[in-house]
Amino acid sequence: MDTRDAAATPSGDPHELPSNRGRWGEDDELGTLNLITEEARARGAAEVRTGRTVSLALPIRPTPLVSGPFAPSVQDASPVQQVMVYTGSPAMATAEVIVVTNHHPRSTHLDALAHMPRDGQVYPGRPLGESVTPAGARHGSTTAFADGITTRGVLLDLASDGPLPSGYAVTSQDLDAAEEREGVRLESGDALVVRCGWDMTPDPTRPMPGMSLDAVRWMHVRGVSLYAGDIGDAHPPLDPACPAPLHGVGLPLMGMPLIDAARVEELAAICAEFGRYSFLLTVAPPRIHGLTGVPVNPLALF
Amino acid sequence: MDTRDAAATPSGDPHELPSNRGRWGEDDELGTLNLITEEARARGAAEVRTGRTVSLALPIRPTPLVSGPFAPSVQDASPVQQVMVYTGSPAMATAEVIVVTNHHPRSTHLDALAHMPRDGQVYPGRPLGESVTPAGARHGSTTAFADGITTRGVLLDLASDGPLPSGYAVTSQDLDAAEEREGVRLESGDALVVRCGWDMTPDPTRPMPGMSLDAVRWMHVRGVSLYAGDIGDAHPPLDPACPAPLHGVGLPLMGMPLIDAARVEELAAICAEFGRYSFLLTVAPPRIHGLTGVPVNPLALF
Amino acid sequence: MDTRDAAATPSGDPHELPSNRGRWGEDDELGTLNLITEEARARGAAEVRTGRTVSLALPIRPTPLVSGPFAPSVQDASPVQQVMVYTGSPAMATAEVIVVTNHHPRSTHLDALAHMPRDGQVYPGRPLGESVTPAGARHGSTTAFADGITTRGVLLDLASDGPLPSGYAVTSQDLDAAEEREGVRLESGDALVVRCGWDMTPDPTRPMPGMSLDAVRWMHVRGVSLYAGDIGDAHPPLDPACPAPLHGVGLPLMGMPLIDAARVEELAAICAEFGRYSFLLTVAPPRIHGLTGVPVNPLALF
Amino acid sequence: MDTRDAAATPSGDPHELPSNRGRWGEDDELGTLNLITEEARARGAAEVRTGRTVSLALPIRPTPLVSGPFAPSVQDASPVQQVMVYTGSPAMATAEVIVVTNHHPRSTHLDALAHMPRDGQVYPGRPLGESVTPAGARHGSTTAFADGITTRGVLLDLASDGPLPSGYAVTSQDLDAAEEREGVRLESGDALVVRCGWDMTPDPTRPMPGMSLDAVRWMHVRGVSLYAGDIGDAHPPLDPACPAPLHGVGLPLMGMPLIDAARVEELAAICAEFGRYSFLLTVAPPRIHGLTGVPVNPLALF
């Protein structure tokens, strides 16, 4: 599928929700990752010139799983808890077990397609109870990410003049304007990286900005393969009629994987320094099957 | 530090163990990753031409943490255990918590420098009890890998004619011969990827082959920044006088991070197909601080 | 409430399911434990003469949570997983963290009333989503067991002539006959301990016996405060119209706590030796609030 | 062994530490529980008259293991973490997995003999590395508590006139005086329950009181089978030469199991109300083998 196809297929009708259900068959587990063609990957490869690399992951400082007399007290909730294990006395090696809460607002993580059902179904329209069992996700899980994701990434920096205002709804015009300003054009199969200048920790006193349904529709029309942003869906919701355009439409209807809580400050600084807003993006989650999400350390290579 | 430096510094004296203790200071946490200079990284970047990508990670199929009536029974021990969490009834989203045993022979994982003490000290010579506490590793941990590792990788395929014999001790001559055969030369700062044709699960009836101290000395002289292999140290040990050259010398003395249990079959096939045994290697572990090891999905980019 | 009351209140109508919903108010969390009056407790106390004690709990052998090189391999699924923690090197103390699957067929455990919803409600008729949240059970949880349960226990040994036949449905007549044979009469507020000569591990080739709805109705009429049995509800179900009389009627309608997987062989031997089938039963779960179940070590005191 | 034996055997020499090493053989795992003879148990049974029961356990409110969007945020460190598990959508049952830190100062728990090594050995003199492995304790573990502990308990209320002063060292005279005041005498095989009017959470600004070595020596001479107290060893230590008389002498030398963090306020009130400071004490930990400690809900029966 080339980029004209991708642009042609999705409906532009503003009254319908953007959807790829059925587009790649009833058994599809890749969703918009299908848009990463050889051509798209080569476009990404061409961005690698110096080997300079930036991580798009927030640092995670684990909390000790053990509290009480044998460990310092727990300070903060963390996405990861750690317990150092006894390997004999004296210790033969040092080792630990970690307990990971995959979907945590302070962990940069990749949502699999099965993470969000819509009307009892997960992408591309399978019953939730059949796709996700007590033993793990059977369809639309992290299994689809086994080989990693490699494609061209494009940063649209919406916060180059400062963080977006509280409660602001990002629209397709904002995305078009950023492309214009940066002199870059996102093509089908590219990963979209967005900077809003906020972080995902909800703050009841200052409503977040977030993507509107119009912005998500733009992603559909343009063929975004993967979304990564410092924030995405606003909490509290911007629009009660569509409270979570990325998680409630992008994941279950469009089949577009999401990277929540990306760290994009350093990336933005380097893009500005280089005057170049495109790069090779690699996302290589631990190769663990059957999850609905997984922590990742996305790398931008220049 | 350029490549002549790297070759010059290490001792060639066969009576001394190869060591980088003190080479980069008393507080160093990077070890041989210091060898990945801008020049080395650019050499890696130059390998990226098509965007074709291969994962060097074994697939992990989690075991349900819950056994009993609400989950299928546990089949096999797995590096990862998974528990699907209740998000309300009906479910609002699907999510899980995972429990990860970081150093597991069936998990492709990256050993941090603090993983192996030697004589009560960890690289570069700090007391174990000070560097590793019940709350996690304070020095020489995965914190050093926060930005990922990006450098040129070189596959030396020792199993191109079939798996190495049981109990075989790989020497520097074997590594030299593989370079010769493949027409490639590992330079200072490169990552070494080794294929022996075995996996790391110990089998009491068939002793593994493994790296000899002579092979590890070769890595020291040549400036290997990172070792990745389908296997590395043999179980049971090949040489009682130096039972684990990589884990007992490479980690605590040389400060060379190790990727245990790499999956290299597909990589070897692609290198043979392309007639090219060098590539850009990216290793991007979840950005979790303070661990002694972490599962990774290393990617080779061509 | 005396025993005549207890017998009088519940309906004897065979067309209605036995239920205590509303009997002790809309906020009740004790269910049939309300039947343990001072009089009932004194009746139990009177059974204690020698201090001889029998445990009704199956032994649990934990599985190491850690697999791989630092622990023996996992043999079997266990209700409890254990990880020994590092307390320094050398070790200052020895300690562990355990991971417990509360409802496990090989763990003697006490089911709280909120464990089984019926038609979206838990005893005594509260909406499931309100009573049980992702953070734990808010109503009908183990909080009700904080002070332990102490009352007279009566063993009805249905297996004195050998295990019950496969697929056998225990009726009220069987319970009456056991009382007759043993010369004991279960009174309101007593705990009923049942021995069928089976264990709870399902075996597809040999259907278990189990309690019929008629037997559960008998418990209701007689005022059983707590059920403990080597088995209880049969797997596969004996009666498709009422697949789990204890878990589907006893818990959500009658509010009768259940001890699953009790170990009753030694108890039966001692009762036979003493010629006495009544004793003081104490059940003292760890005082952990908000659970739907918890492992217990019930003690019978003679 | 009768009570005269027990009193006769231990050394009264103030220059030697009290010890039972060797007293019950090299393989002993019961320690002072050996003192609970049939006679001692009958003495306990005779205390049960009304069936009135008091729990000696602190309530534990679990912390959600899951933090982030699917659970309320973590407030405090707790000995128990809880994760509600997905059993399908809609939920078929409600269930959870719990993660328990066994030795936690806010959990009423029973220390097994292997919990504290002394000079690299655990009671009754076995090498630590042999008795405690990465897979659990092999000797002196909770396996010894499988049948529960049932014996007469005696409360010595040292706080009847208010909490003990900060930093106060309890002596044998204090214990003798309490017996005198209460009109009770602790006999060999009895469990000692102590009330100091403090809790075990260390407070750097107000040093705890605690048992002196002299008090522990008294327990040895008198044949205490089990110690339970609201506090026991003081933090910070009262005497640098013997920083933890109960954990450093009582456990590894005397083989005396300890219940840390007992809740004794309600017990003291009832003893005062009844004018009776003896009762039947039952301790029935979940029957989990191989642990170094376990949460318990000790019950005092009157």
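Chains here go by letter, A, B, C and D, matching the order in which they are written, and residues are numbered from 1 within each.
As a convention for this text, a contact is a pair of C-beta atoms (placed from the backbone, for glycine too) under 8 Å apart; a residue touches a chain by one contact, two chains touch by 3 or more.
Owing to the predicted nature of the structure, the values given are computational and were not obtained by experimental measurement.
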Steps in the shortest chain-to-chain touch route ending at chain C and beginning at chain A: 1
Fitting chain B to chain C on CA atoms, where both chains share a sequence, rotation angle to nearest 5 degrees: 180
Label of the chain whose CA centroid is most distant from the centroid of chain D: A
Copy pair chain B, chain D: interface residue numbering same or different (half cut): same
Mean-CA-position distance for chain D and chain A (Å): 50
Whole-Å gap between the CA centroids of chain B and chain D: 46
Distance from chain B to chain A - Cα centre to Cα centre, in angstrom: 27
Of all residues in chain D, the ones touching two or more other chains: 65-66, 69-70, 84-87, 89-91, 93-95, 97, 99, 101, 103, 117, 120, 128, 132-134
Chain contact topology (line, ring, star, complete or other): complete
Residues of chain C touching chain A in the complex: 65-66, 69-70, 83-87, 89-95, 97
Complex contact set, residues of chain C against chain B: 65-70, 73-74, 77-79, 81, 85-89, 99, 101, 103-107, 117, 120, 128-129, 132-134
List of chain D residues in touch with chain C within their complex: 38, 41-45, 48-55, 57-62, 64, 66, 70-72, 80, 82, 84, 90-91, 93-103, 108, 114-117, 120, 122, 128, 132-137, 146-148, 150-151, 247, 280, 282-293, 295-299, 301
